[in-house]
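Two complexes, one shared chain (subunit A), two partners (subunit B, subunit C).
Coming up: the complex of A and B.
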């Protein structure tokens, strides 16, 4: 061990001491929910999935419904969600999460069931399942992660890719004349009578993260009351495939995604009926 | 209480579904099996509380079955050929995730939209895979309305015994014909919780995960080997078949389902003419009774086999594998929804074998 490394060692020990003093009980303002496992997440730095997972875990822990909740994660970057959430889960085929969730909920109506789907899954290959699950008013929560791109397969155009946005399959930018416009599926499902609550949130700022959590919390509470389908879109970033660093991605999301996908409630329960 | 009734094949099957204590049926209308969905829609919920849901497509149906089966309940769907084609991806997932469920294919003629008339054109699809990857379904082939009833209960039993999808491979004629059937007594809906099922994680057990995703090659191969070992066990334990007048026979007709009954009639006609014909009928198409046919082929009195199917020759490949060159194997098939008559089968026997029989 030379002097330099000894010095470094010393400094590290000091840091640990300081850290221990910072992490004392009276300073703790946030704890990892017990529904979130310690498995290191495979998501890229700055990816919205990690935050969204944590929000779901927090809500499940806070409501104390871990024993009664079943999640469904289909093909997509979040197909491994079951590695991070300490609840019973089913992996689903691409696009079919809401059908799988329907199957679970129908035979166990007293349980909480949610699906966690990306844009390609929910709004392209699984559009029929999405629309009909919403239309039947299944008593489940659909969490819809919209990052305007296919993450898992490496950055291809998604149904929600913005006009002019470059992806590996729209290398010159999405040309709406030949590739169609981005699909606002959340606006579509909001028109269906079976949908009880429909909202669009984001995880790009602490304030938006808090709103997203509230939306998830409300959805589970509505599910308990058998109110019908709750649909929570989370506008999220995919820095890797947007080819940006996390800070740029958040800025890009704010400036480009949110104008096209404005945040806010698309359908709220008629409070008088409640 | 056991009960006898005159019933149409599809309706008898649906009645057996209710009596088997099935928890959930998900389906989509398609001829010639829509009566199953209709019968269940009318009867099932009020009698046992089971879930009956008309899905938006066969793709949705099979994935609903996946979800419900993943909770350890008795779940099923039924369809006919083009609809079953749409389900193949889901069936492959179900097989890999080892979910017990019952699938019914009331086969019609293809390829494509084809005809709504009966066919056995889906043998390969049902028995050899259909969907992607190395997997097997247990395939039961009823040959009368009674078996449309009995195989429902057997199907669920086998599905749970092996944690494997089971398919009843019927055909349009079996679905539509009326026969007297004896119905088994109403069984209880399931109350026990399977240890692997996703029903919500109690504090004292690890979380349960239903998945068919195993990214790491060594893990995937481990799953593959486990599945193949299971299929070997199924072959050992679950092979079922029937033989009719095979002991003294010179010619064996091999056939499954409805065609096996027509072959019985053809065998009677042949015997009336002094030709000793027997019938070998596999009841399970997977596992296929290779050994039994192989042993039969070794018998001296047997000159050869005539395989009869309502297709261009599918099961005949397995019959040839089983016979393994010991005797000759001829084939007679009709397609397009045409059911072969006993007379034409007899004519084929005479054409292919009579010169050689002494």
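Coming up: the complex of A and C.
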């Protein structure tokens, strides 16, 4: 029996030795990319903006284009995006981020340019700029964060607010007779010939986060090949203004928003033409 | 069979206690701490020792503060293995 206990002790010691060194660099499987700065974010707990920022930063770090990328920040909750991303950023007037991105891309066509916009920015005040940028087929990436509400100003009704959804400016629920139907801007721009790649993703589950990252990665690769405009919608949550906790908000998103805004590619490049 | 062991490091000062990682963890090994950080949020801690390093928590974390480690236990082949422990001890020594 002595032999047995000794052997077991040896094995246990081996395990302990191995367990002690788990926190070493070679065992890291996931960490924050370098492009995302250490600054604590100002977003509410559970906000999808943080995930979207991190995905963009991951893609930029993976492609190694940190010096050659210029982002355009919107007006909205993501107005301080330049504090978190370690790349060149430009702040645009409300809704005009895609127009500013057009200018930057035309002056510096070798740079990677993307605009990061919310639904109040892109689908309400900036509808004209968005549609015409897409129609011209500028060689940029538009990242559209759709959380169905104006988050920064206190939860007013946005064009993307769902029918019957309560907001501070529609306290009895959105009435489609007087307030209209939610605007599916991604479907609208997908019909325009200038748009090369158009997709809708979400950041509520790990699987959807992975898909969203793939979509952003693809868009930057298409931009490298000068293919045309890429439009990535990210369906996100706004726990503070939906008056839920983050876990409930993600559940609500899956049950209510995803049926109205179905995930998937709306326009994929025709590979045969290339 | 190689056993996989994972672990996480959380920057608790930046945690806002949104519990999205707790909901995403398939092993149910995360829980909110009773203590609070300097901003007044309850932060996330790993309470169970069954992490597999699947990175789900880090993927959904809005703050990007979770660092995931994963390692395979028994990387080196053990020198001796016990095959039968019921009656007699048979020890197979691998060269």
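The rule is short, and it goes like this: the second predicted complex is superposed on the first by the 251 of 274 C-alpha atoms of A that agree within 3 Å, B and C clash if a C-alpha of one lies under 4 Å from a C-alpha of the other, contacts with A are read in each partner's own complex, and residues count from 1 in each chain.
Just so we're on the same page, a residue touches a chain if its C-beta (ideal position, glycine included) is under 8 Å from a C-beta of that chain, and two chains touch if they have at least 3 such contacts.
Because the structure is predicted, anything quoted here is derived from the model rather than measured.
Chemist: Just checking: does A:49 make contact with subunit B only, subunit C only, both, or neither of them? Give me first, second, both or neither.
Modeler: Second partner only.
Chemist: For A:162, using the defined touch cut-off, is the partner it touches subunit B, subunit C, both, or neither? Pick first, second, both or neither.
Modeler: Touch status of A:162: no partner.
Chemist: Looking at the overlay, what does A:229 touch: subunit B (first), subunit C (second), both, or neither?
Modeler: Neither: A:229 stays clear of subunit B and subunit C.
Chemist: Quick check for you: in the superposed arrangement, does A:132 touch first (subunit B), second (subunit C), both or neither?
Modeler: In the superposition, A:132 touches subunit B alone.
Chemist: Looking at A:122 after the superposition, I want to know if it touches subunit B, subunit C, both of them or none. Which is it: first, second, both, neither?
Modeler: Neither subunit B nor subunit C is touched by A:122.
Chemist: State whether A:89 touches subunit B only (first), subunit C only (second), both chains, or neither.
Modeler: first
Chemist: Give one of first, second, both or neither to describe whether A:103 is in contact with subunit B, with subunit C, with both, or with none.
Modeler: A:103 contacts subunit B only, not subunit C.
Chemist: Is A:32 contacted by the first partner subunit B, the second partner subunit C, both or neither?
Modeler: second
Chemist: More residues of subunit A in touch with subunit C or with subunit B?
Modeler: C
Chemist: With both complexes superposed on chain A, which partner does A:183 reach: first (subunit B), second (subunit C), both or neither?
Modeler: A:183: touches no partner chain.
Chemist: Which residues form the common part of the subunit A surface touched by subunit B and by subunit C?
Modeler: In subunit A, no position sits in both the subunit B and subunit C interfaces.
Chemist: Can you list the residues on subunit A that touch subunit C in the complex?
Modeler: For subunit A paired with subunit C, touching residues are 1, 3-4, 7-8, 10-11, 14-15, 18-19, 21-24, 27-32, 36, 40-41, 43-51, 53-54, 203-206, 209-210, 239, 245-247, 250.
Chemist: Note which residues of subunit A are touching subunit B in the complex, please.
Modeler: Result: residues 66-70, 72, 79-80, 82, 85-93, 96, 99-108, 111, 128-129, 131-132 of subunit A touch subunit B.
Chemist: Would you pull the subunit C residues touching subunit A in the complex into a rising list?
Modeler: By the definition above, subunit C touches subunit A via 5-7, 9, 13-14, 16-20, 22-24, 41, 53, 55-56, 58-71, 73-76, 78-80, 82, 85, 89, 91.
Chemist: Show me the residue ranges of subunit B that touch subunit A in the complex, using the header's touch definition.
Modeler: The touching residues are 23-24, 26, 51, 53, 55-57, 59-61, 63-71, 73, 75, 89-90, 93, 97, 198-203, 207-213.
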